[in-house]
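Mind having a look at this structure? Questions to follow.
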Amino acid sequence: MEDLFRRYGHTLTFAFMALVAFWLLALVILPNLTLFEASFRPYLPVTEIGGPKDTYSLDNYAKFLRNPSPWNVFGIELQAPLNVKTFLSTIFYSTIATFITFALSYPLAYYLAKVVQPKSLPTMILLLFIPLWVSEALRAFAWYIILTFNGPLNAVLVGIGLLEKPIRWQQGVLTGYDAVVIGLVYSYVLFMMFPIYGSIQSLDRNQIEASEDLGAKWWQTHWRVILPHAKPGIASGSVMVFMLSAGSLLVPSVLGSTNSNWFTQTIQQWMLESQDWNTGAAYSFLYILLCTVVVALAMWLFKVKLSDIAK
Amino acid sequence: SSGEINFTGWAGYPKLSEVVFPAFTAATGIKVNFTELPDQDAMFAQAKVAIEAGGIDVIEPTIDRWGGWNSNGLLQPFDESKLAMANYLPGLADGAAGERSRKDGALYYVPSNWGTESLVAKESDAKLSTPPSLGDLFNPDNQVVVRPHSTLAAMGRWLDAQGKLPFPWMDGYTDMDKMVQLWDIALAEAIKAKGNVVQFWSGENEANAGFTANGATLGLNWDSTGYNLRKDGYKYLAPVEGAFAWHQGFVLMKNAVNVEQAHEFVKFVSTPEGAAGWATAFSSNPVAKGAGDLLDPEVSAYYNGTFNDDALKALWWWPDQSADFIAKRGEYADKYKSA
Amino acid sequence: MSAGIDLENVCCDFGSFRAVDNANVSIKPGEFFSFLGPSGCGKTTILRMISGFTEPTQGAIRIGGKDVRGLRPNQRPTALIFQNLALFPLMPIWENISFGLEVRGVDKATRRKKAEELLELVELPGAADKMVSQLSGGQKQRVAIARALAVEPAVMLLDEPLSALDLKLRQHMRAELRSIQKRTGVTFIYITHDQGEALAMSDRVGVMSQGRIQQIADPRDIYNNPVNGFVAGFVGENNVFTGSVRNPATGMAGYETKLGTFRARLGELASGENVKLYVRPEHTLLSETAAAENSVPVTISEVSFEGAFIAVHGVAENGQTLVAEIRNDGSATVPANGSQMFMQFDPARAAILPDAAVAKG
Amino acid sequence: MHKTRNFLFNLYFGLFLLYLFLPLAIMGGAAFNNNKLPSVYPWKGFTMTWFQQLLADQVMWTSFRNTILVALAVVVIAVPIGAAAAILINSISGRVRAALYGLMVAPILMPGAVIGISTLLFWNKASIPPGLHLSVLGQVSYIAAFVMLLVLARLQSFDSSLEEAALDLGASHAQVVRRILLPHLYPALGAGAAIAFFQSIENFNVTLFTRGTSNTLTVYVFSKVRSGITPTINALALLLILMTLVMATVYEVRRRRLAKVEAAREAEGRRAAALEEL
Amino acid sequence: MSAGIDLENVCCDFGSFRAVDNANVSIKPGEFFSFLGPSGCGKTTILRMISGFTEPTQGAIRIGGKDVRGLRPNQRPTALIFQNLALFPLMPIWENISFGLEVRGVDKATRRKKAEELLELVELPGAADKMVSQLSGGQKQRVAIARALAVEPAVMLLDEPLSALDLKLRQHMRAELRSIQKRTGVTFIYITHDQGEALAMSDRVGVMSQGRIQQIADPRDIYNNPVNGFVAGFVGENNVFTGSVRNPATGMAGYETKLGTFRARLGELASGENVKLYVRPEHTLLSETAAAENSVPVTISEVSFEGAFIAVHGVAENGQTLVAEIRNDGSATVPANGSQMFMQFDPARAAILPDAAVAKG
């Protein structure tokens, strides 16, 4: 606070705070209050609203733990509530997608930040932005087409003799979520790339040279010097990709296999198909809470402090 | 008369705006403000907001859903005297359907068109029993494309037809206890047979691609899917248990401002011209007498090929589904999906 | 372990700009060699070519007789201390210092011990667990030195490592560096723009200007027998006279200026055009009476105190300012401003020299 | 060795572009397929129908215009908010920061339907009717979070002694922000604006509930799930991609020409300087 | 325009660490005042308190007689040259320089002209349109100087502005800065750890150690009459003898050491414990014969060439090394290593001094 006033003076600080307050209050908190309140009340016909059944309870939240169903985790048969299972799968595969986007975008970010001639950068970045002109739904659908049984991927692989007969990629080779993960990675890889690029770019080239000069192999330089420096960018990117993946509805709907389920689909079902906004809202808030906990845990695990992201 | 009407309906049927509404405006002078929505879930959500904010007069849900809408306090009844109930084909606005359109004697729902969800089969590859049955969907030799909750209903009806259920399947739609028992059985059986499902569909594109790109040989799909694939070696078939039939129509918002115009509008769709236009736009079936003659001949030929009189008689109309029921149904669909 | 280094016709171009032009130098194993030159003359570029970060545009570089072209920096037995230090801000000091060992797989306890030894050496005991940002500029520089020493390289390359240190510490580190170099026998290549540093520490000095090496010699030769005006000017103060050579004889010549004709040493190169006469202030003597030769009457204009010596500025009759340095030891009386005196110099201590060699490009 | 490294990197970049563009090629191909489905498979012959339909589709163009307007409005609102939020978060510490940060990123997770419905209900209470302006507000509520994250990452590399230097030279706080801080943030603000723009363009759920009777492109196109989406949308996407490619090419050509001129001028300057010194 | 500055009992704590302890100094308008001290002694902290970036923990700061507590940096008539320069990387050089004018609303043409004038002044003509990253370290420093000059402040605060420049340029800039200061009459507060710089440029010098100002005096006094051992040691070289005072008389005393008893000046402060005897190398004379007093027999151990002078190291019989500096002007013969000689000093040029004043905290 002190720091803010010192750095930006009163007028600007208040302007910043006003903007943020407008966002958080008028666009996030207040609009959701209605639904938040509703999430503690049962879904009732109008005639019964305000009636004796209309009381506050945690019932809607408790539905999360209903419906135990069998769950096969690496060959072990478990019983878990259906929603918990969906939630955990969503978190798990979002995490996988986050890791893959990181693996894909780190070299690219490094390339753009430290290898490429700065002059060709704008063109390259423009190229990277092109896919965004095509909406996520269409891009997901394009992957759907690529991965279909009669689709181009099978045609090519069978054509060159790598496969004997076509595979149902969408059903998954490793898990039922393969195609979803592919779609998520494709959709969000740039959200990982840009923050990492930004943080690597600010690394003094001499740091890299010093490390090399001291005898570090390229991977040692990356591991000990560049990655730690890029950590805030990686953390930003990971939070974004994870949240986007976990919050994605289109990709899992289009690319999901016949035994995949995404938590957003469950929420969507409550909100729209079942028309039960109360439970839908309860699930949304619960989901946000749980995901925040997951993100906080991950940050703690990777020793990323918020103060690293926000120095 | 004159004025306007705010109508919220299904998106993606351009002929409504191009043909039907202009004809209506020409006939009555009433302008149609059309809001397109992807599905009736979105319509319900919008209606719930509109009950406070206003802006909607008439919406177009299916017959099995308006009950839930009404219990949420969204609707008001039509004034039958301002409509032409005699215009409708038998069985659509009277009889059992007529009962389902009313609550406490008041008419809340008036039909606009109807259609089916039935078997789409690849002629060369599908393994069909004779006559075709819903059970073919669970034959491991077929690669099927379905949607989860319809699959469970199909399973239920198939088991019911074989006498393998403790109560009639229809009981599940009125008695929640029985519903749980029946759907548990259907779910268990469906999960056993799930291996042949190559894809779930939720919209026309996915259903279509399920066959063409993903190589499905059989599916439980809307009639439009069958229609779109009719030249590619696919047939639209009615199962011996009877095709699922949906029944779509108009409801009047409780806080509608243009009530007079709304009645005019609904009435117009019961004229041969209006009903034919509506059915043509949806590639579905008309609700008015005399409308069949005005239909696109290709469309009528297509339906006549699938539904002879027996098949028409056997149609299984989606029963009313209460809010509780739909919520429960959703949970079953979830279990089936993630099994 | 120690290695010699040879540069053979080394050039380095950045685009159309030639940063280093035809450098030839042979540095002996265990030698303490300094490159001395003004900002932007190409010193850092030479170091970067030796350490492998910049490839020469042409010419060969050999370390220990082995051509290192194509070898990556981490494959060369060199350790470089960067001008901006390039410490790793996210590692504690001890990890910074032992980084070179870490990447060689040395175990943690040994590394820690080594780091602490080196911290002792650079007079930063107890800083092991601090972070870089907690150190002052000077302390950082010492850590950088320790970090480079840790890998015990065959050749140490130092890019102005002492420039941010204060004088005391700089002098201490000079002696320390020199003694480390003597003890380890490692070849040191040292870059500086501080002539005092270069002269005091080095076995030999290469003076550079505009990408060209002007002179390579031992410190005393550089100072006493500069080959051209640039070297004379860069490694010390001078009183410079412009004029023309008269009656050149063996090693000596007359030099005619507006202030009269002087006599001074004449190098071989200096007989052409563009030559000037250079005399150092400490070789310029003040007296109250005119001497037989090389004597200029001046009016004292400023007396400035510089610690161990006092600089006396006098204006000659043509307006040129001459400087004489006298010791601050009370042995000579300090003249008052405005007094009339003579400045005089020994012909053997004055030299007629050409300008700097320039790049041919 | 740098050559091998550079080659590998270029190869990787090439492959990455291929990966990014492959689905686009599939999309693009579908625009010419004589098939109601936006797909290259099955191939039913070449056609320009979809382009003709696109040109004739008035609603599509209106929707497109609305989309662009909404996206621009979102950029204009979300970028300042996101930047302000990042600056704020960057200068406070402790619990408050953690709480604020959590609150700021949470909307990314919020299902679009929830945002859409809650926005609509809330503003309705304030007697603000639905319409594209509500879509803008609804979209900003989560898009600002992306901008915030991007700007925050960039702020991390900002040397605050620059702010001090500017203040010391007499700049007011506003001038410091405008001349020192913002220029440093431009890359992040640019990326943020781009991401905000594209996120807005493809938003479906929020817009669906808040738009009132206006259409945006995504809502117009993707509402047709029941009847099927036709490849006109592919045709449009293809046109946009081609436009971007043309822009990229023009930019690159221009840049190369300018670079050449610049290099020539620099060499000239150096020659002059060298002559002067002699 | 020019203003005086007063610090009154100024302290600055960082947590429990006292970076500046009870500083009292009164700098006159138009004065060139230097703070001289080793790395980490608190020089930068003092400057930051004057310019308003750090608030003193206690004490008062007055600029032009006006208490500036609570005034923001942009409200104080000071211009600060940062130790790390803090040039704006995204602006071309000329915008950097004219930034202070820009924020005062000066029009572009005037600013551009002013920037080019200043570039001329710091010897960087033609750099106006370059970017900061295109300059070498030394060039950057010159831009920073130009940028601070541009706003014509009442007080200029310079935090080691010349430390990255090469000797020639440093000397040129020294003279330039001094002359700018004389011309403009602006008060200069200059921070350096280079005693030569401080002594040559300043009207007065404050020598600091560990947060405390040790001595404030004009350069000659600082050098010739340091108040304590720290000052003596920091502003020049010394031969130091440890021992104890004998027979103190008015201003003179005997000093008994292992090498015999010497006679030297005695300050008032120096009668207690912890006192040592300090003699500068240039006041230490070499001779082949012993003198009457203050004479130490030594064996010459090292002769090191430093340009204008030659440092001769001799080891006394107790193993202590003493240094004598002789001029490199041929006037004295340079002794050979290993030869036996005497080192001797004038009692008036040797001083018995206490150690440094330390913080009370």
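Here the chain labels run A, B, C, D and E in written order, and each chain numbers its own residues starting at 1.
The criterion applied here is as follows: contacts are C-beta pairs under 8 Å (C-beta built on N, C-alpha and C of every residue); 3 or more make two chains touch, one makes a residue touch a chain.
Please read these numbers as outputs of a predicted model, since none were measured by experiment.
Q: Write out the two chains that share the greatest number of C-beta pairs in contact.
A: By number of C-beta pairs in contact, the leading chain pair is A-D.
Q: Which chain has its C-alpha centroid farthest away from the centroid of chain C?
A: Computed centres place B farthest from chain C.
Q: Distance-wise, how many Å sit between the C-alpha centres of chain B and chain C, to the nearest whole number?
A: It comes to 91 Å between the two C-alpha centres.
Q: Rounded to a whole Å, what is the gap between the Cα centroids of chain C and chain E?
A: 22
Q: Between chain B and chain D, tell me the centre distance in angstrom, where each centre is the average of that chain's C-alpha atoms.
A: Computed from C-alpha means, the inter-chain centre distance equals 39 Å.
Q: Pull out every residue in chain A that's touching 2 or more other chains.
A: Each of 9, 141, 145, 148, 150-151, 271-272, 277 in chain A touches at least two other chains.
Q: For chain B, jot down the residues that touch at least 2 other chains.
A: Residue numbers touching two or more other chains: 39, 42, 45, 202, 205, 209, 212-213.
Q: At least two other chains touched by the same residue of chain E: list those residues.
A: 72, in rising order.
Q: Sort out for me which residues of chain A touch chain C in the complex.
A: Where chain A meets chain C, its residues are 204, 206-207, 209-217, 220, 224-225, 228-229.
Q: Note which residues of chain E are touching chain C in the complex, please.
A: 37-40, 83, 136-139, 160, 163-169, 193-196, 199-200, 219-220, 223-224, 233-237, 280-283, 304-309, 325, 327-330, 346, 348-349
Q: Enumerate the contact residues on chain D facing chain B in the complex.
A: 36-39, 41-42, 59, 113, 117, 120-121, 124, 129-130, 208-209, 212-213, 215, 220, 222-229
Q: Going by the contact rule set out above, which residues of chain D touch chain A in the complex?
A: Contact set of chain D toward chain A: 5-6, 9, 12-13, 16-17, 19-24, 26-27, 30, 38-42, 80-81, 84-93, 97-98, 100-115, 117-119, 121-123, 137-138, 140-141, 144, 146, 149-150, 152-157, 160, 163, 172-174, 176-177, 187-188, 191, 194-195, 198, 201-202, 204-205, 218, 222, 233-234, 237, 240-241, 244-245, 247-248, 251-252, 255, 259.
Q: Of all residues in chain A, which touch chain B in the complex?
A: 43, 45-47, 66-67, 69, 82, 85-86, 89, 141, 144-145, 148-151, 168, 170-171, 253-254, 256, 258-261, 266, 269-277, 279
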